[in-house]
Amino acid sequence: MKSIRAIAPPVTCICLLCLYIISMDIGAARAFTPLQADFSSYDPEKQEIPSGDTIKVGLLEPFSGQSASAGEISNWLLGWVVHDINSQGGIMVDGKMKKIQVIKADTATQPVVAKRALQRLILNDKVDFFVGTAGSHIAIIGNQMAEKYQKIFLNYSAYSVHLMNAQNFNRYTFRTCSTTDINARGLAYYFSKTPIRKFYILCQDYSYGQDFGASMKKALKEFVPTAEVVGEVYHPLWLKDFAPYLSKVQASGAEMIISSDWPPDSWNLMLAIDQMGMTIPVAGQFFDDPRMGENLKNKKVGLGNTVVNFHLCNVETERNSRFNKIFHERYKDNAKVQIDWPTGVVGGVIGHFYWFFDVVQRAGTLNTEKIINLWEGDTYESFAGKLTMRKCDHQAVMDMFVSTLVSPSKWSKTGNGLGYQEQAVRIPADIVMSPCPEGLK
Amino acid sequence: MNDQHEPADHILTTRGLNHYFGERQVLTDIQLEIQRGTRHAIIGPNGAGKTTLFNTITGKYKPKSGRIFFKGKDVTGFKPDKLARMGLGRSFQINSTFAGLSTFQNLRMAILARRKIRFNFFRFLDKIKSVTTETDAFLRRIGLAAERNLPAGLLSYGKHRCLELSLAMAVDPELVLLDEPAAGMSREETHKMVELIRELTQGKSVIIIEHDMDVVFSLADRITVLHHGEILATGSPSEIKSNQEVKDAYLGEAEVGNAA
Amino acid sequence: MNAIAVMLITQAVHGLAYGMLLFLVASGFTLIFGMMGILNIAHASFFMLAAYVAFQIMAWSGNFWLALLLAPLAIAFLGILMERVMLRRIRRFKLGKALVLFELMLTVGIMVCIEEAVKNIWGTDPQIINAPDALRGLIPCFGMTYPAYRLFIIGLACSILILLSIVLFKTRLGNIVRAAVQDAEMTVALGINVPLVFTFVFGLGTWLAGVAGVAAGPLLTVFPGLANQMLLDSFIVVALGGFGSLMGAFIISMFLGELTAFGVQFFPGYSTIILFGFMAFVLTFRPLGLFGERE
Amino acid sequence: MKRQFGKWCAWAMILGGLYMAPRVLGVFELNVLLGTAIFALFSLSLNLLLSFTGLLSFGHAMFFAAGAYGTVLVLTRLSGFPLLPLIGIGAAAAIGLALLLSPLLVRVSGHAFAMLTMAFSQIMYATVMKLSHITGGNDGISGFAIPSVSIPVVGVVDMALEQNFYYFAISILGLSAWVMWFFTRTPFGSIMVGIRDNPERVTYLGFSVPLSKAIILCVSAGFAGVAGSIYALFQNMVSVDGVLGPLSSFSPLINCFIGGLGTFIGPIFGTGIGTILLELMSAHPEQAQLVFSLVLIAIVLFLPGGVIMLYWKANTRWMAVRQNIQNRFFKRRIYE
């Protein structure tokens, strides 16, 4: 007995050491794979927040104010990816497995609030990266702060072209979403294959809406020379009453409305079309909400709505169908989250987060310079297709997808209501991408 | 200037003043001549247009027709503040002091006006000793030194009335229009008020509206009777007392001596 | 009928529908203001809250008419509660039309509070209220068709307007209310329980906002930002129409509705500047508003 | 003498605290402090209208915005413009706007004044949005460098450094606040208070109310402009939402109110408390506004004199002051 007691401490020590080495080995070998976790336990409101030595990611989004829902959705999507990675042990950086900790920062969609929130993120919470954000006027602040404090900023939802032009570009900011220009080119190319020729541009009266309107006119001129823009109106944000605008559209004889609107404006527009007894389809990025169909009385409304996006759930790839299945399993009966398929932005942004963390994992470090070097020119196979980070302006190069809404559709909420057509149309990147902005190599 | 044709001993003259509220004529062809250095009372029943006449003279209302001459100068249509700077002061029927400010601060405002300190942004008011001394002196003169730091709104009615009068007098106007200075006061207070008016208006021209005939007859040098917006009679107190027309229209209607 | 005439008439009716909705909100605003001198900044929030309550009632019962009946009553109840518990507490010795800052700040607080509470309960996503099927179609009139629901709003607002005029101009209660709006101090002197009248008017005002909220529900989606624009428009109506003037509120509401509709048609993007420019012009030369009478 | 000594001690502590702040606080806290100071000055300038002249403005942000845009437009268009005159430009832009509007604004008071200022600020909002090629629309103008200052003896001071800018800004802000305080203590300041209490009487004393109002408006606008100008430099940007948004005119109002109406120092307290509250709630941004509104309601209901009442309550002068406050704000109609 005595001898056992005598050798017990060294043996234990050795055993622990072995275990440690083994675990290190396994850790080093282990890399996370997307969509491995058990998502049934994932609840964005009750996220497990790891503490201690973690990878800190700042989430810069509006959590108060009129666009608070945008922040909630982003939190949900980022949480999805983080949940997946953390349940696989985290990411190996600088020789240590670290879990990811998300720290929220509220922008209230006001540049000033955003700037202060960012300073708190960077200076006090000492985040390693930050991601965001709704609103190009907020994204500009993100760009500047990223450059000032040399933190990587992943922009996944500000679409204005000028964010990454020669004046605003900096090497710490990466944009994975498309731009108004790319969206417009995708749409215009798609329309060149259809007989629709009379368009009405109805966008929100602020920089994103105006950008989209301008891009659309340019793209139509390029791809559909015979197209006619019969009217162009910019309406205030959060508009109450679309009826006067629609009467104007009606009088113009347009066949298709082109709109940059996002909820609630996009919803109001569709409802107003229904109320006015019109059936004119709308083209844009946010006219595919599956909840919409059930609330329209005239079942012809919404048919022919054309959606352009950098991801759509009806893109036929093996990765995407697996993702769709997992997502649908999790959310088909969820009353709170009424999106049961990872439609456009939802699925796309999840993919972009996976890409970003994959880059970090491959870099194996939190060193900003190393991550930038790896990411520039990097290629990643996402759910819908290949993503490449263009070195010149840090804009992701991707195929675009266009889909019209039909009924019945298996992608609808009920399975036979209004939803995407069976398969999205893929428009290759070399058609939709615009060249590197002037002044950037 | 051709409008300086009014006699120099008249401090205020009105020529054919007419004023309307909507369709209703409230002042008809008012001719007033106020002698320099006299106390002139305007009496008349309620609604006779006395306060409207004051408001017209002091520039609050612009008369529909007619002219007003002050110190021989045509001042028709002048704004109240300009008239005040020319030396025309007034007090109000309903107390109109700065209720949130102390008695001292109230009076100091008038003293500033008297000393023509209007747009001075460069000196501490508290450090301008002469203003403070003068204000305190005035406070003692009117017997409100004890209430120096009390907000005007908390003064007793009689004292508040006294402050109201003093605000007008402290500016040192050449002509002052007093609108029922003794309104709502007890007999004793009225008596004090008459004394105060007598003291403060020494050597000044005064127009006074008053219902209390004791006050009127003890103060006024001349009296004008206003009735339905028209001048019924003007004359010395004894002339008015004996004027049959006035008796019929006004004095007979109420018990003169007790009218409040 | 030629196309231009159709377009003009359609826009006119669009303007009418929005104007009517605005009048329902602004009438309560101006009544409360005229009577108590309170610029109730939370008024438009009651409008928004009513839409949410209606949404909830619809979610439980599925009956729009029930929502139209109950939601405004619930809102009126809340309004009365606010008046009796909060406003009454801070309104000391004060009657009349003076600008009362404490009440103003209180209503600012309540406005923010309602908006945040709504976000906490229902989230920030837009919610949809479906109009009853009978009202969802198009109705042919004057040789063209027009959405039934918008006509319903016009009809509803008209009938409430008539009801309101009967109550205010033909009944004893109405006389008292108008007297109190005109001169609260005098009415107290007449021995009328003015605080009770205040409560009644406050309840009436919030009830009107509630009706407008429910009516607006199916027309617009329901979202927390619904109150902001309505508040701004109500401000304009009250300021231009004359503080406390129902007649003025009606005329300006119609004018504003039409300006919005025709503004979209003829000078999109500039109607805000025109409107506020006009407001500035009117207020400068008639600080009491176009139809305000009192000094 | 004893009170004088206490006063000097308090001043020394405040100044010492402000001087030491960059050494004690981190950059973020320093920025919060400076932001608070800027908004305190903005609130003080509104308070000049509100508490001292009795004019309620729903559009004071337009002067703030004029200062901010004035400074930024000159800075981005004329390179090499020195720093101090830039702030002068901001003040001048705001005063210019006030001069432009004063012929209209001085005609009205009470609610009409509030509505009129709101209308003008809305017009300004729409105009700034329309002129997006100049003002940058709702993206605003950002990313400009603050010019360095060369001081004869010290040498060139780099304003991009937070500490340096802090000292520069806090001295301007402090000086402005002092000048404003002085302004309320001059003979004209007493006339200002007279206009609040009884404009008619002020007129009959021989003061021109419209002219006085115009002067007050210009002074108030000028300091709002200074605040806006420093704000733009401090934030390194100017955007419509930041300086003209729906709450920009209301938040100084709320600050004045929380701090204590009718006092000079109140808005500073109010702004400070607002900042502290929002910082405490920074972990729960969704609930921050809710808590803020509840605090506001509670203050209206239970502490109508503002937070400064707490100090007064402890003070022996409390009774007299309360009567004063009650007189100013409860018993009388203060605004006509």
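Note that the chains are named A, B, C and D in the order they appear, and that numbering of residues resets to 1 at the start of each chain.
In this text, contacts are C-beta pairs under 8 Å (C-beta built on N, C-alpha and C of every residue); 3 or more make two chains touch, one makes a residue touch a chain.
Computed from a predicted structure; not experimentally measured.
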Pair joined by the larger number of C-beta contacts - B-D, A-D: B-D
Closest chain to global C-alpha mean, per-chain Cα centroids: D
Taking each chain's C-alpha mean as its centre, the one farthest from subunit B: A
Where subunit B and subunit C are represented by their mean Cα positions, the distance between them in whole Å: 48
For subunit A paired with subunit D, centre-to-centre distance based on mean C-alpha positions, whole Å: 40
For subunit C paired with subunit D, centre-to-centre distance based on mean C-alpha positions, whole Å: 33
Sequence positions of subunit C contacting 2 or more other chains: 119, 228, 269, 272
Per-residue overlap in subunit B, given as positions that touch at least 2 other chains: none
Interface hub residues of subunit D, defined as touching at least two other chains: 286, 289, 331, 334
Chains grouped in pairs wherever the two touch, ordered by label: A-C, A-D, B-D, C-D
Subunit C contact footprint on subunit D (complex, rising order): 50, 56, 104, 107-112, 114-116, 118-120, 122-123, 126-127, 130, 246, 250, 253-254, 257, 261, 286-287, 289-290, 292-294, 296-297, 300-301, 304, 329-331, 333-336
Touch list for subunit A against partner subunit C, complex: 64, 66-69, 72, 205, 233-236, 238, 240-241, 243-245, 247-248, 251, 263-264, 267-268, 271, 275-277, 291, 295, 297
Interface residues, subunit C side, partner subunit A - complex: 3, 6-7, 10-11, 14-15, 17-18, 119, 123-126, 128, 130, 133, 136-138, 145, 147, 149-150, 216, 219-221, 223-226, 228-230, 260-265, 268-269, 272
Residues of subunit D defined as touching subunit B within the complex: 182-183, 185-191, 193-194, 196-198, 200-209, 215, 320, 323-324, 327-328, 331-332, 334
Touching residues (chain side subunit C, partner subunit D) in the complex: 39, 86, 89-90, 92-94, 96, 98-99, 101-102, 104-106, 108-113, 115-117, 119-120, 228, 232, 235, 239, 243, 269, 272-273, 276-277, 279-280, 283-284, 287-288
